[in-house]
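Following are the structures in question.
Each of the next two complexes has chain A plus one other chain: chain B in the first, chain C in the second.
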Partner chain A sequence: MNKEDNKDIIIGQNITFSYKDRIILDNQSFSFKKGEHIGIIGESGSGKSTFLKLLAGLLTPSSGTLEVDSESDPAKIMKKISMVMQDAMIMPLTIRENIALGKEIKKERMDEIIKATRLDLWTDSLPEGIDTYLGERADELSGGQAQRIAIARAIAKDADIILLDEPTSSLDKDTIKDVMEALETLTDEKSVIHVTHQTDLLKGYHRILKIGGGRIYE
Partner chain B sequence: MNKEVIKMLKVCGVWKMFLIMLILRSPFDILNSVIKANLMQCFIHMIRQNQKENLWFNVVLFFALSALLFGYNMSIWSTIAVKTTVLLQTKLRKKIYEKILDLSPREMSEESKGDWFTALNNDVDNACAYLTSPLNYMHMVIALVNLVLSSIIMIFLNVELYVIGICCLLPFFFLNVMVISRKITFFKERAKKTLVKYTDWIEVSLKEKSLLSVYDAKEFVYEKIEKQSLNILKENMKAHNRMCICNALYAFSGMLGYLLLLFRGSDIIEEDKTDLAGLTKMTQYRSETVRSVNCIYSSVNNMNASIVGVRRINEIIGGENNG
Partner chain C sequence: MLKLTKSRGDDLKVFKRLIKKNAILAVLTIILTFLSIISQFVWTIYVGKIIDSIAQREGLSVRLLLTMGVILLISVAFIYSSNLISRFTAEKMAHTLRMDFIKNLLSSDGASDEKGAFEAMSKVQNELSQSSEYLSNTLFDIFSMALSGILALFFLLFENAFLTLIILIPMIIVCIAGRFLGQKINPLVNASMNKKIVFNKTAYSLITGFDVVNVFDAKEFFKNRFEKELNEWAEVETKKERVSAVCNSLSGILSQTPLLVLFAAGAILIWKGMLSLGGLIIFLNMTGTLLITLMNLPSWAVSMKSFLIHLSRCDV
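On to the complex of A and B.
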């Protein structure tokens, strides 16, 4: 981690959040530094994914303040982050459109993204390359291919903060390895908060935090 | 009846119930035609012969017979038709649902979720519409019975007037069927495929709302939904425009036939082959044949649109029959 980047990029103060009578965070404070890679673990249902949604500005804490890269407005927070979830969002569009989601991406940049995520190994074999229409039957994609598209989308956004919500939990061992390689490209020099129950994926992370009983702790 | 529909009715086990309903409902239009034509003839006779007491008796008789007929018809619809529709809907949804539950994840992924939603909702509605909704299969059979029997009666009354009526009707009928309305089913099928895409986009917008917010793609997806919605509207409008042209041609052919019938009818009255009452009876039966042809035509168009749903249902539940 670069010393001059050693500032807090996410600051949560006295955050309380409950979901359907279940307390996820009870007056908790935390801070994550720029460029820091944080692993989040916890029992099933402990609120790991909810915590990520709070950080992404998708949920609002019932009390306390949250600042992400000096922003507290949820709409502005969302612009600062990229997110890769357990189930990749694949739409009835071409591979290119699935990555760009309506944004203009130059050809050179798109080629870089495709290579970085190793999608080229697959798309080069398709007659229409990345302009192949995934159609309504996007479920036919393999988990690895779908997840690589999701990672490519996150790289295209080029946000400083990457939130990962068990992106490899539904993949087999070989695919996990490939997807993790793609994730390394995405997370290089970025702040990462990675929710997972596969603790071996968190090797080399700066900190591992646990969520449970309304607390977040090391 | 269409083989696809018979197959679906047999799979659902409502075949006999539907047949009974059809037989009970079939005589309605022709009975209505006979009552109207004969009483119109009677009324004119009585007015011309100044038989006021008999006229009132006939008016009351006309209302009584009409009330009985409509009461009978209503009871058939409200008891058997509604029950059959509900039963058919329930059984179809259950069959599709069971089929979906039996599918392996791989088989499930061969169709989009929009396909399954459309099957459970729109296709089932289409199938029921085909069988029991107005201007579909049921009305086509009733109109066919009315057309055949009205034609036979007209031939017995006056062959020449019948031929004039039919000659004014058939060219327009074939023009409509063979040229104008041929593409209606095609447009309806395209509308259905677009509906599947629309449902898929709706699903994306609901299921992925978090990611769409993060990637600032809500507007992008909304535009896709709007586009599909517009495409559905466009396809339905194309089909609707064709139907409008067909209806206009039928109205024109109806008026043309009526005028020719009156022209020739006045000559026949002068030749003492019939009187005004007889001619009125003839025009009444002619209007029934025109109405029946129009009804058959509209029903066939609607059936062509509805059969798309029946085909899709058979594709899903049809495997059961073979197994």
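On to the complex of A and C.
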């Protein structure tokens, strides 16, 4: 964390949110500082992923105020964050298109991203490299390859706030190690909120919060 | 260890083993199928005899009618028993296949533990189910139809070799044309199917990945992409339908030519006294069986080859 910059980048005040008849947050207030790495843990179904979607602006609280990097409009909040989810969502596009999702990314920058996520180990072996069309077989990629593409997508967005929703939960031990290395590149000098049930992945995080029973607490 | 690549000889190995293990049932099925086809041929011959009697203004004798009644009953009995035995044999063979697979797997070095057996089983799950399905639903039906065609050919050659050879020529032309037209349509069918899979996948991605699309501000990108894929599919689909309509019309017209040739040649032979009206009826009846066999032989061969490959992959 950059100690010089101690300002709160996410501020939630008196937030209440229910999802599918279940109270996820009941009048809760919280704040996360810029550059802080936060781990969120909790029982299955406690609302960890829903909380992350709230922070991303994908869901709106029933009451209370949420400010993300001084923005409270969900559409503007979404522009400030990057997200890696449990399901990498690989579309029937080329690898490049899956990363850029329609954005213009310069070749040098794309090369950097590919190297940072170690996708080059795979794409260099493909005749058409990152321009390989995944087509209807997009969902046949290995979990590690798919998550690396999702991480590359998040790096390409270059947002200051990174939300991680169990990005390694469906991977085996060796792949988790590789994906975590790629995640380090993504999260370096960024504000990170990482939802997981694998607490060993949260070593070195500044704070670990627990969510459950409508509360969020340390 | 599972062997996934095999030679042609190996492809037949499992099939031969299945037949060998169910030899009595397999032989019984072959005999009953043969007899049921022959009994139907005999029935057709007698129908021809009745028509000849009517054409010659002779009365129908009680003996002829009784004989036909007996043939009909025998034919029904053979059809019923061959169907029953062939279904039973198919199920028995499918069962042998699954049980042999499990037995061999558990006794082999590579998969002596339950987990290894389960993993190997899941690897060949598709092969096992495809092979069992083919055994149960297709194998003996194809066998019966192919045998009918072959026997019909010999029977017609025996009845009137000249007429048989004359109608075989347009039949072979129809088969070659059918194959050629099929080759024209198949790539378009595949292209259309692939495009459809892609745009369905994109549509599915938009629904399941709605959060990703939102967070990465990719709505416009996907909207354009989806429209592009939909247009590409529509283009291929239109072309496919156009070519398909032309091919089907041609195929439809062509498929009538053996019948026209049969009528023309048959009429000449009847006029010259070389064929009876009943004989022409027999030809009309059996050329259909022959044409179906000839037209379907390539697809039967392909499905049989694919079945043997699936089957060979179930070997451990």
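Here is the rule we use: the second predicted complex is superposed on the first by the 218 of 218 C-alpha atoms of A that agree within 3 Å, B and C clash if a C-alpha of one lies under 4 Å from a C-alpha of the other, contacts with A are read in each partner's own complex, and residues count from 1 in each chain.
Rule of thumb we're sticking to: a residue touches a chain if its C-beta (ideal position, glycine included) is under 8 Å from a C-beta of that chain, and two chains touch if they have at least 3 such contacts.
Values in this document were obtained by computation on a predicted structure and should not be read as measured data.
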When chain B and chain C are modelled together on chain A, clash or fit: clash
Chain B versus chain C as contact partner of A:53, first or second or both or neither: both
Chain B versus chain C as contact partner of A:153, first or second or both or neither: both
First, second, both or neither for A:79, with chain B first and chain C second: both
Touched partner set for A:172, first chain B, second chain C, both or neither: neither
Against chain C, colliding segment of chain B, chosen among 132-140, 204-212, 258-266 or 276-284: 204-212
Common interface positions of chain A, toward chain B and toward chain C: 53, 56, 58, 78-79, 81-83, 85, 89, 91-92, 101-102, 135-136, 138-139, 153, 157
In the complex, chain A residues that touch chain C: 53, 56, 58, 78-79, 81-83, 85, 87, 89, 91-93, 101-102, 135-136, 138-139, 153, 157
In the complex, chain C residues that touch chain A: 194, 197-198, 201-202, 205, 208-209, 211-218, 220-222, 224-225
Partner chain A, residues of chain B touching it in the complex: 108-112, 114-115, 196-197, 200-201, 204, 208, 210-217, 219-221, 223-224
Touch list for chain A against partner chain B, complex: 53, 56, 58, 78-79, 81-83, 85, 89, 91-92, 101-102, 135-140, 153, 157
